[in-house]
Amino acid sequence: MSSHTAIGRTRWAIAEGYIPGWSNGPEPQMASHETCCILNAGGQPAQVSITVYFEDRGPAGPYTLTIEPRRTRHLRFNELADPEPIPADVPYASVIESDVPIVVQHTRLDSRQAENALMTTIAFAAD
Amino acid sequence: MSSHTAIGRTRWAIAEGYIPGWSNGPEPQMASHETCCILNAGGQPAQVSITVYFEDRGPAGPYTLTIEPRRTRHLRFNELADPEPIPADVPYASVIESDVPIVVQHTRLDSRQAENALMTTIAFAAD
Amino acid sequence: MSSHTAIGRTRWAIAEGYIPGWSNGPEPQMASHETCCILNAGGQPAQVSITVYFEDRGPAGPYTLTIEPRRTRHLRFNELADPEPIPADVPYASVIESDVPIVVQHTRLDSRQAENALMTTIAFAAD
Amino acid sequence: MSSHTAIGRTRWAIAEGYIPGWSNGPEPQMASHETCCILNAGGQPAQVSITVYFEDRGPAGPYTLTIEPRRTRHLRFNELADPEPIPADVPYASVIESDVPIVVQHTRLDSRQAENALMTTIAFAAD
């Protein structure tokens, strides 16, 4: 059992995406957010590129980031700014590509009402 | 890394389906709904066909739609009307087929009680 | 696109299982429950067999059922009775086997507190 | 249909991980927790090793455990102690390895607010 071998795939998709338009509760933990959790368990840095798709306009991005070897990154979609922010209250989807194998999981914390709600799924791993 | 290549499969299934019978909170965001999120990341339009299965009657559908290239569509099952609406408070399941690769994710927002609840999963991708 | 072809696999696993010990809200919709949603989209009846695994005793089952062609079945684990009921407030896991391809999804509605919580995932599909 | 054959894979990943910093409600059921549910459906004991990855430091672990044949284990990450506890309110990810096939599912119960929230997903199964 080798714990530091790369694991995952290089192309992932999340068909669901939605940044709730408002929040309740203490910041930053309880701010409504949609997160793309990425694990780079291997020994090489991962050059990651995210493209965001919408219902009625062309895609945004790519948003690029580097994840160091043997590190995870929990990226909030509402913190993406370059080349443009993702608007709230609009449905979107995303494709996540990397030059080395990574694992991608999608999570939303929705605190629009007094009590928060959570959802998560492993993203779709392309062959 | 080519961001506009098709990703996904052409046949998907969601075994869980249930439109809650009532809602709480402001419309349309907080109306109870069950959503089929579809991503067509490729360069060709996707001709999509949805068949809905029940516990005690034959299937409904097909419900057909087109998703333009490089677009997503977040389809609410309770908005399906042709050939027939999906009844509320009845368990169902669905098969989603496309002529080009797509990615399908299933989400429910349940606002029957004062605070909403969320769940999501990537659908089952047939080989 | 053939809507009535079998889809899925013949062996599935759900590692999470837990029937909450109490409930809030109107029965039966708001009773805490853990559901195994099964879709048989094909043209043959599915003979399904469920085995339940625990932390500190041997497995229970098999629980057997038949799902007619082109039907779904949303089975509540707390309604299983033969050969024995699943105890509440005890962790378990399950393996679902069928003689024809099916799709399996796992959902829990937890209404132990005033507001319900939901979770779902497509089960693990064995090769 | 052989109910006691091993099912699953030997290497799994969960990209999302987060132990909420506080709780509401009766212990232990309502304590905020993040769980790694593991099923060993086969006839041999599973020697399991968990490595935990962070955003800004090197990995922790391995955490090791044995799961007996035909048993499940619902492991709370906040109960891991050797070689070191997982800190609360910090994002992490995990890789779960076994010498025999297992199935891994990830669940969080978040009770930081008055009403609990739930999420679950089957982990990513490496090839």
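Letters A, B, C and D mark the chains as written, and numbering starts fresh at 1 in each.
Here is the rule we use: contacts are C-beta pairs under 8 Å (C-beta built on N, C-alpha and C of every residue); 3 or more make two chains touch, one makes a residue touch a chain.
It should be emphasised that the depicted structure is a prediction, and the values quoted were computed from it without experimental measurement.
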item	value
Chain located farthest away, centre of chain C as origin (C-alpha)	A
Same-residue or different-residue interface between chain A and chain D, half as cut-off	different
Between chain C and chain A, distance of the C-alpha-averaged centres to the nearest whole Å	30
CA centroid of chain C to CA centroid of chain D, Å	21
Sequence positions of chain C contacting 2 or more other chains	114-115, 117-122
Residues of chain C that touch chain D when the two form their complex	11, 13-18, 20-21, 49, 51, 53-56, 58-59, 61-62, 89, 91-93, 95, 97, 99, 106, 108, 110, 112-115, 117-124, 126
Residues of chain A touching chain D in the complex	1, 3-4, 7-8, 25, 29-30, 35, 37-39, 41, 70-74, 103-105, 107, 109, 114-122, 125
